[in-house]
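Each of the next two complexes has chain A plus one more chain, namely chain B in the first and chain C in the second.
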Partner chain A sequence: MKLLTLNFLTCAIKTCKTSPSSFPLHPQDSELEIVEADINVLFLRNMLPRLMWNELRLIVNELGLPSLPETAPDASSLLETKLQVPEGDTTGLNIEKIEVPSQVAKDLHRVLLETCIREGKLVCGNCGHEYKVMEGVANFLLPGHLV
Partner chain B sequence: MPEYLVRLVQMHESFRKAELQALAELAGVEMDIVKYEEDSPFCILTLPSPAAAKALISRSILSLGIYSLWGHGTSYDLLHASTSQLSSHQWPAFQSTPFRFTVDSFRGTKTAMQQREIIESFSYMNFRGPIKMRDAAAEVFTVFEDYKEHAAELRYLYFGRLVGSSSRHLKTTYDLKKRHYISTTSMDAELALLTANMALAAPGKLFYDPFMGTGGFPIASAEFGAYAWGSDIDGRSIRGTGGSARKGQIGKRDVQGNFKQYGLEGRYLGGFVSDLTNTPLRIQSLQEDGSAVQGRSIGRGWLDGIICDPPYGVREGLKVLGSRAELSDLERSTHRDRYMESGYIPPKRPYSFTALLDDILAFAAETLVEGGRLSMWVPTANDEDVELVIPVNPRLRIMSVCVQRFNKWSRRLLTYRRLAEEEVLEEQGARDEGVMDEKGRENEVGRGAGANELNDFRRKYFEGFKEFERLRRDGSSPRPDGALVADQKGGWDSALRDVFGKGSST
Partner chain C sequence: MSRPENTLPPDLFYNDTEALKYTTSSRIQKIQSSMTHRALQLLQLKSPSLLLDIGCGSGLSGEILSAPSSAGTPGGPHIWIGLDISSSMLGIALEKEVEGDLFLADAGQGVPFRAGTFDAAISISAIQWLCNAESSSESASGRLSRFFNGLYASLRRGGRAVCQFYPKNDTQKTMVSSAAVRAGFGAGLLEDDPGTKNAKTYLVLTVGGGELDGDITGVVRGMEGVDVMDQRRKVKGRKRGEEIQGSKKWIIRKKEQMERKGKVVKANSKYTGRKRRIAF
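Then we have the complex of A and B:
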């Protein structure tokens, strides 16, 4: 499961959801993997304002990954301009300006969309309930005594 | 504004206008429907430019293409006169370009000779470019004949220049017959793609299906550029099964594999196992005045679209997590001790379909961004033939109601838009004064029901709700008047028993 999705998941227990400590869920005994995917700056830009940044930073630290900056990057920092010779142009006289994903965008993409939890569990900070992750699929079905 | 002719398909009629309206919103173009008839595949629109027309139709599933309208009339004489009047100023621009002429007869047939005669009757346009029958770059001019049903009588004629083609070919690309992993409840590709259109799936957006099954809706959303996420109460449907069943398919049959089959795995956010009535998703709890409930609100809406086909419970009985009766202390401790074991199966109980629909709407109101959409399929009636009301939520405005009819039953595709909080308060005010705003009235007419009828739906619905509350208080038997109905085989009785934890007499 991609780390982005953890930013949208809380404890499934109704009475627990009212407590701020039910979010984010804390990954434990995680087996991580990198699954490469094409970068999509438009999607990253749309997700930025919807992310709970502090909680994302917390998870990243708990997983022992390199720390994220204290504040969320600005949407404008996701693209940078690059000068290049137009494709197929051998005259050496022309140059064009193109927009490409910045390092900030690449890093964000790496963390949110390429870093995945393959096996492990997610633990609620409020009630301590554990949700299993198997083959990248988390199970949020509540056992009989909690519904 | 210039007029354009859309060549629609003559099926799923009640979805066609709604799809065009959704696509106009998606493309950000101003569109007016000038002529539309339920029993005709020809529709005339006004649009600001050929570029707008092309953008609009490029995503369409229920049309073949869009044409710049060069002429129209009830006879060939009138069609030619109209063509000279409307389009003669455009002819010089096409005098030497490669082109082809085609004849499209709806409910009629023309021999090759007759087609040739029709085409030659346009020779006054003086096109001298090479005729290219297959070249994709050639200009395409089409004469459309619209015949009456079961009659040789010509109803109308149109002539146009092709401006843009639709996405109808995706129906074949995503055909379930060729998909590696499907189930008996998989939505056919055409309707899944159409649903994604209705919900405005597009690049950069985040979509979710709470009843994803084998992933048909998430795949359709991803085809249109959205990032798709889904869940299901049945983990086996997400994880799939082993073995190889389809030609060319390698490895495990699972939702992930389906995304890979179409090269869309980069936009699949994954699946998780959960029940919507106990969702782990981040929600913003809202109070009547629009403010968030203290301590319960985490962020704002974050989903752009929710599309789903909720389980009706006709075949396997609708189930959510929970137990039929209150658990004893012993049972509770057994669940507590065993739930992390790999073979543990959480108990499930039957649930009312109507209650589930309310849960979906409440969930959508709490998770969609302002302007985000919910598109869901709902049967028109339960299995006792009692009509199901269209569920409502003060934060969601119904945008369209489309009906698909089968031999013995029918279902609806309901599409809602998440209102901005200011709009919620405005609508609340309008309701209190007993007036509907213009938009609301238009929508009601648009779906083929009068305002009174919809108000009647609402009235019944809320009466049903009051009845529900009353029953909850005194535990008496319900009146099966269709205002609020349970849909599973056990009907009201079993649903009620499970909701209230006590029996009811019939």
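Then we have the complex of A and C:
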């Protein structure tokens, strides 16, 4: 399960919905893996305003990953312009400007979309309910009395 | 046509053999993919978005969602999160290494995401399963309302959801759509190939206005053929502009009528048609 998903996931139990501590769920005994994916700057820019940055930093610290900057990056910092000689041009006279993902975008992509929780459990900060994660699939089925 | 909903609950019906049968059948694959494309067309996504797939199963629809826009997915590639109740189906999705995140969850127990998470939601041949309650402690209407309330909260303003489902009959169709309306959605039903054996029902749901491009017609753009449900109370049996007997307008019309007949009629004043108040 991607860390991006964890930034949106809350406890499924009805009585926890009203409590602010039901978000974020805290990963425990987790086994992480890196799943390579293509970077998509448009998607990152779309998601930036919706991320809860402080909670993301908290989770990243809990997982023992290198910590993130204090504030969320700006949407404009995701792209940087680079001067490049077009392919097949040997004269060196034509130089074109292309936009490439910046290091900020690459780091964000690494954390949000490539870092995945493979095994472990997610614990609600309010009720303490544990959701098992097996092979990247979290079990959110609730027993009848908790629905 | 046999309905699997009538035989067993979904988590038991889609066991390993059924799940494999479902996923490997080229006929089902073709139907699912055409329905997913139709749903995406109704969602009108313009840029890579975060989607929720309810009843993602083995990821037949998910594969289309994570395809790039050059492969026929508008606005793609999208990132999606899938919910399904059948562990066998999810097992096949894991074997296929689909790109979305998977959850073993019952949509009838709610949608466990915080408010405003998703740009859109898609559900292919799933929500008819919510109309069945498997134990006496839950009811079909309760499951539907928990699902739609959760879905409504987890979509962002201006988001859309398209749910294709197979209603058993008209009662079930209205039960599902009115549950969606009660949750706050603007709802519309679209039926492809109506009256045939291949009839497909799509429930098109909108959340608020949000990002209107231009005017209010932006909400329904691209939704040709969708039968929008308006559940506002209508005054029955009266045409627009028709007057109520005894109203001022009616009295004046009657007086004019009498005048034309040559009868003696009192002049109109500001008191015409007013109630005589009780006074000491």
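Structure notes:
The rule is simple: the second predicted complex is superposed on the first by the 145 of 147 C-alpha atoms of A that agree within 3 Å, B and C clash if a C-alpha of one lies under 4 Å from a C-alpha of the other, contacts with A are read in each partner's own complex, and residues count from 1 in each chain.
Convention: a contact is a pair of C-beta atoms (placed from the backbone, for glycine too) under 8 Å apart; a residue touches a chain by one contact, two chains touch by 3 or more.
Since this is a predicted model, take the numbers as computed values, not measurements.
Legend: residue contacts after superposition of the two complexes on their common chain; A:Gln84 is shown touching neither chain B nor chain C. In the superposed model, A:Asn54 lies in contact with neither chain B nor chain C. Of the two partner chains placed by superposition, only chain B is touched by A:Glu130; chain C is not. Touch criterion met: A:Gly144 reaches chain B and chain C at once. Of the two partner chains, neither chain B nor chain C is touched by A:Ser76. For chain A, the partner with contacts to more residues, out of chain B and chain C, is B.
In the overlay built on the shared chain, the residue A:Phe23 is in contact with chain B and with chain C. Comparing which residues of chain A touch chain B with which touch chain C, the overlap comprises 1-2, 4-5, 8-12, 14, 23, 37-38, 40, 42-43, 46-47, 50, 52, 135-142, 144, 147. On the chain A side of its complex with chain B, the touching residues are 1-2, 4-5, 7-14, 17-20, 23, 25, 37-38, 40, 42-43, 45-47, 50, 52, 116, 130-132, 134-147. By the touch criterion stated above, chain B contacts chain A in their complex at residues 203-206, 227, 229, 231, 233, 235, 238-239, 265-267, 269-275, 278-283, 295-296, 298-300, 302, 304, 321-323, 327, 331-333, 335-336, 338-340, 344, 346-347, 369. Chain A meets chain C in the complex at residues 1-2, 4-5, 8-12, 14, 23, 37-38, 40, 42-43, 46-47, 50, 52, 113, 135-142, 144, 147.
Within the complex formed with chain A, the chain C residues making contact are 47-50, 77-79, 81, 83, 85, 90, 94, 99, 101-106, 109-110, 112-114, 116-117, 119, 135, 137-138, 146, 156.
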